[in-house]
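Heads up, the next two complexes both have subunit A, just with different partners, subunit B and then subunit C.
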Partner chain A sequence: MRVHFAVYARGLRRHSTYRAATVAGVLTNSVFGAINAMVLLAVFAARPRINGYDATDAVTQVFVGQMLITVTMIISIAPSLDLAERIRTGEIASDLLRPVSLQGWWLAQDLGRATFGLVFRGLPTFLVGVVLFDVVIPDGVGRSLVFLASVFLAALIGFALRYLYSLCGFWMLDSRGVWAINGLVGPVIAGMLLPLALFPPTIGDMLRLLPWACMVQIPAEILLGKDDLPGGGALGGLALQGLWAAVLLGAGTYLTSVATRRAVIQGG
Partner chain B sequence: MADTHRRIVPGDEPGEGDGGARLAVTKLLRPFLDYRRLAWLWVRAAAQYPLSLALMSLAVTTGVLTQVGAVVIVFGHAGTLAGFTVYEGLLVFALASSAFGIADMFAGSVERLGHHVRTGSFDAMLIRPVSPLVQVAADEFSPRRLGKVVPALVVLGIALVNVDVEWSYLKMALLALTMLSGVLICSAIWVISACVQFFVAGAREAANSLTYGGQALTEYPIAIYGEEIVRSVTYVVPLAFVSWQPALLVLDRPDPLGMPEYLRHTGPAVAVLLCACAALVWRTGLRHYRSTGS
Partner chain C sequence: MTSNAIIRTDPGEPIIEVVDLGRDFVLSEGPFLRRTRRTVTAVRDLTFTVRPGEIVGCLGPNGAGKSSTMKMLTGILTPTSGRARVAGMEPARQRTRLAREIGVVFGQRTTLWWDLPLRDSLALTRHLYRVPGRAHAERLAELTELLELGPFLDTPVRQLSLGQRMRGDITAALLHAPRLLVLDEPTIGLDVVSKSTIRDFLLRTNSERGTTILITTHDLGDVERLCERVMVIDHGRLVFDGALPRLRAAVPTPRMLVVDLASASGEIEVTGARTVRVEGPRQWLELRDNPARVIAEVTREHEVVDLTLREPDIEAVVSSLYRGADPVEEAGSR
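Our next item is the complex of A and B:
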C-alpha cells in the first residue's frame, strides 16, 4: 500500500510540471463547453423541456462532461496510458519485474494524474461554466460528497477501460485502433456531446446502463439530483458505477494474468 | 560532369524560351510533388498495421456518423434553428466537416510541430532540401482521414438533394469555389495556430480550441451563437466562410442577422488573404526557431 501511495504521489507531481499544457487544457475545455452549451441553449429555447431536462440541466451536464475529461480521459483517440506504448515497445518487461501487481501500479499512477487534473484543470473549467452560464452547483456538504464519490468511481472506470484497451496490445501489437474508437464513440454514448435524455428513449435507456454513461451521464444526474437514475436516486447511480468499476477492474486483473502468461520477452 | 549534374537536378537547367517557362512551372509544382512523395511514403507505412488502419478508419467514420446523429436529434427536438430545417442544418454540418476533414488530411499534422521541436526531429527537417512546412504537413499522412471526408461528402450530397434550391451551373461553380476556399481557410488556421508552438512549447492543446473548436462551432448555423460571436468569426477569425456563408449562398437566403449580403461572395478573397497571413506567420515562426539541442 505504501508503494502505491508513493506511485500515486509521483503521478500527481509528474503532471504538475506541465503548467502551460494545463492552462491550454482549461482554455480548450472551456471553449468546447461554451460552444456545446450554446447549441443546447438554442435547442431548449425552441423547446424548454425535453424528457425532464431543462436548459440549466443540459448546460450543467456539458460542464460536468468537460470537467471530467481530464479525470476519465474519455476523449483519448490515442493511447493516454503510457502502458500501451510500453507494451508495443517491449518496455513492459521491466514493469513485470516489479513485485507489485501491474494493474495496481498503473492505477495508482493514473489516480495521481486524475487528482491533479481534477483540481487544476477540471474545476477551473467548471468554474468558467459557472461564470458564463446558468449552471447547477452542489448545494450542501452531503450532495458535494456524493458527487465527489461519483467522480472517484468515474475515475476508476475511466482507468479500467483504458487499462483494458492497453492490454489489447498484447494480442494486436498496436492498440491505436481501439483507442480511436473509444475517443470518437465513447463521448457520444456517454452523454457528453448531448445529454442522453435527448436521445430516443429506448436508445438512451440502454446507453445509460453502459460504463461510458457512468463517466458523464450518471455523475451529472447525481449532481442534478435526478430521480430517473437506476434505483431512483443518487445511491442507485453510485451502485451502478461501483458495479462497473468492480467488473472492469476484475476483467483487468484476469486478462493481465492471461496476457503475461502469453507474452514472450526476448531479452536484449 | 555536366551530364551528371543534369541528372541530379532535373528541370534546373537554364533553358531558353520554353525551358524557362518549364522551370517556373516545376518550381511552382515542386512543393506539391514533394508532398505527394512524402504522403505516399506514410501511406505505405500505415499499411504495415492493416488491422489498426482499418479500425481507425472505421472509428473516424463512426465518429462522423454519430455526430450526424446528434445533428438530427438536435433538429428533431428544436424543429428549426436560426430558421434552418434539418436538411439545411445537415448542409451546414457537412460543409464544415468536409472542409475541416480535407484540411485535416492535408495539413492537420502541423499540430505536431511542438513534438518535432521537442524531440529535435525538426532540425533534421531543416537540413533536407524540401520545405519544412511540406515535411511537417505530410508527416504521418494517413488514409484513415478519408474515413471522415467520405461520409461528410455523402452527407453533403444527401443534404443538397433534399434542400429546396434552384440549381444552375453558376451556382454549382460558386459552391465548388466556396468549398475550396473553406478548405484553404481551415488549412491556414491549422498552420497559424500550430506556429504558436514555435514560441510556447506545450501549447498544442490551445491550438485545438481554434482548429477542432472552430469545427465544432461551424457545424451548426452560427446565427444561434448571437451577433457578437458571428461578427468575430466573420471579421477576426473568418470561420464564417467555411460553412455559414456558403450555406447562405446555396440556399439563397438573406442573412438572419442582417450582415451584408456581398460577404457570401468574398470567401475566395478571404481564403487567399488568410493563406498569405499563414505564410507570413510560418516564416516569422521559422526565423524565431531555436533548436532545443536534443
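Our next item is the complex of A and C:
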C-alpha cells in the first residue's frame, strides 16, 4: 500500500512538471466547452426542454465533461497510458520485473495524474464555465461529496478502460487502432459531445448503462440532482459506476495474468 | 584476474538451475490473407547451473536466444519445455516474488521515471522492495559514491546522458541488495570511462557482497574484465560453458604481430610467421612460433618504426565457435 501511495505521489508530481501544457490545456478545454455550450444553447433556444433537460442542465453537463477530460482521458484517440507504448516497444519488461502487480502500479500512477488533472486543469475549466455561463454548482456539502465520489469512480473506470485498451497490445502488437476507435466513439456514447438526453430515449437509456456514460453522463446527472438515474437517484448512479469499476478492474487483473503467461514481450 | 581464474565451487545451493529449458515462438508470415504460421525454436535443451557468487558471461550473436533465456530466468517469458529454478523459485509462476530477490538491468530499457529527478526513482525502490529506511539510506550513499551519482541525483532522468542513466539503472537494481543481478548488455553504447566505472563496480559488488552476476553482452571487454565463466549460446543451444582461458584453448587462434615499417615494401618473409595482410607500410603477421624470435628477425631484416603484439581477442574465438555450430533448425513448418 505504501508503495502505491509513493507511486501515486510520483504520478502527480510527474505531471506537475509540465506547467505550460497545463495552462494550454485549461485554455483549450474552456474554448471547446464554450463553443459546445453555445451550440447547445442554440438548440435549447429552439426547444427549451428535451427529455427532462433544459439549457442550464445541458451547459452544466458540457463543463462537467470538459472538467473530466483529464480525469478520465475519455477523448484519447492515441494511447494516453504510457503502458500502451511500453507494451508496443517491449519496455513493459521492466514493469513486469517489479515486485508489485502491474495493474496496481499503473492505477496508482494514473490516479496521481488524474488528481493533478482534476485540481489544476479540470476545476479551473469548470470555473471558466461558471463565470461565462449559467452553470449549476453542487448545493451543499452532501451533494459535493457525492459528486466527488462519482468523479473518483469515473477516474477508476477511465483508467480501467484504458488499461484494457493497452493490454490489447499484447495480442495485437499495437493497440493504437483500439485507441482511435475510443477517441471517435467514446465521447459520443459517454454524453460528452451531447448529453445522452438528446438521443432518442431508448438509445439514450441503453447508452447510460455502459461504462463510458459512467465517465460523463452519470456524474453530470448526479451533480444536477436528476432522479431518473438507473436505480433511482444519485446512489443508483454511484452503484452503477462502482459495478463497472469492479468489473473492468477485475477483467484487467484477469487479462494481465493471461497476457503475461501467454503473450510475448516484444523486442530483444 | 582473467588468466588463471578458476570457477568458484561454492558448496551452497545453485542460485540458478536450468534443465532442458526450451522456448518456441510461433511466427505469422506473409501477406494478410495467405498468412502462414511457422514455429521457430529460440532456445532448446538448455541445461546449466550457476552457483552463488559466480560472474557468468553469456555470449552469442544477435538472435541466438540469449534474451529469451534471460526473460525466462526472470519470469517474464514462460518456457515451452524444461524447467528453471532461480533463487529457489519457479520464475514464470512466481514472478513478483522472485523480483524481490533479484535485480535486473536491460541496457536498452530503463526503469527510471523519465520526468522526475533520479533521486525520486531511487527513493521509490525503498517502498517497492520494503527496505528499512536506514539500510536504504546507507546503501544509497554507498552506491552514490561508488558510481559517482552525486552530481546528477537531482537531475530529471530525461536530461541524463546514457552513461549516467545506466549508472542510475544499476543503482536502482541493487538498492535492495539482491542475491542475483541479471544484466542484459549493460555497457551498450557507453564510452570507455563509463564502461570501466561500471565494470569495476560490478567486480566490487561481486567480491564484497557475494552477489551472483549473470551478464549478456556483445562487449568483449566486459567478458575479459568480469567473467570467470563464459557460456556461449548459438541457435538456442549452449555451445560452450566453461572458464574463459578454456574457451581460448578450445578454439586456438594465433597471436598477431602488427609491424609498421619505415616505408611500404613487399610482404615480410620470416620463419615462424605468415604475413596475412599488407596496408602500405603496415603489415599483419600471424605468429606460429615464439614471438621474441620472430620480432628479432623482423627488426634485423627491416627498418621497423613500431611493433604491436596482439592477443587473440575473445571476439575471434567466439565467432569461430559460431561458425562451427549447426545451421538454423526449425521445430516444424505448417
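Heads up, the rule we're going with is that the second predicted complex is superposed on the first by the 263 of 268 C-alpha atoms of A that agree within 3 Å, B and C clash if a C-alpha of one lies under 4 Å from a C-alpha of the other, contacts with A are read in each partner's own complex, and residues count from 1 in each chain.
Just so it is clear, contacts are C-beta pairs under 8 Å (C-beta built on N, C-alpha and C of every residue); 3 or more make two chains touch, one makes a residue touch a chain.
As the structure is a prediction and not an experimental result, all values here were calculated from the model.
Per the definitions stated earlier, placing subunit B and subunit C onto a shared subunit A by superposition produces no clash, and the two fit side by side. Look at A:Val39: by the touch rule set out above, it reaches subunit B but stays clear of subunit C.
Contacts of A:Val141 after superposition on the shared chain: neither subunit B nor subunit C is touched.
Within the superposed three-chain arrangement, the count of touched residues of subunit A is higher for B, of the candidates subunit B and subunit C. Residue contacts after overlaying the shared chain place A:Arg13 against subunit C, while subunit B stays out of touching range.
Judged by the touch definition given at the top, the superposed model places A:Glu91 against subunit C, while subunit B stays out of reach. When the shared chain is aligned, no partner comes close enough to touch A:Val131: not subunit B, not subunit C.
For the pair subunit B and subunit C, the minimum alpha-carbon spacing after aligning on chain A is 8 Å. Comparing which residues of subunit A touch subunit B with which touch subunit C, the overlap comprises 18. Contact residues on subunit B toward subunit A in their complex (touch as defined above): 49, 51-56, 58-60, 62-63, 66-67, 69-70, 73-74, 77-82, 144, 200-206, 208-209, 212-213, 216-217, 220, 224-226, 229. Against subunit C, in their complex, subunit A makes its touches with residues 2-3, 6-7, 10, 13-14, 17-18, 90-91, 93-94, 96-101, 260-262, 264-265, 267-268.
Here subunit C touches subunit A in the complex through residues 25, 62-63, 67, 71, 74-78, 92, 95-97, 99-100, 104, 106, 108-111, 113, 115-116, 120, 123-124, 127-129, 156, going by the rule given at the top. Interface residues of subunit A, counted against subunit B in their complex, comprise 18, 20-21, 23-25, 27-28, 31-32, 35-36, 38-39, 42-43, 46-47, 50, 77, 172-178, 180-181, 183-185, 188-189, 193-194, 198-200.
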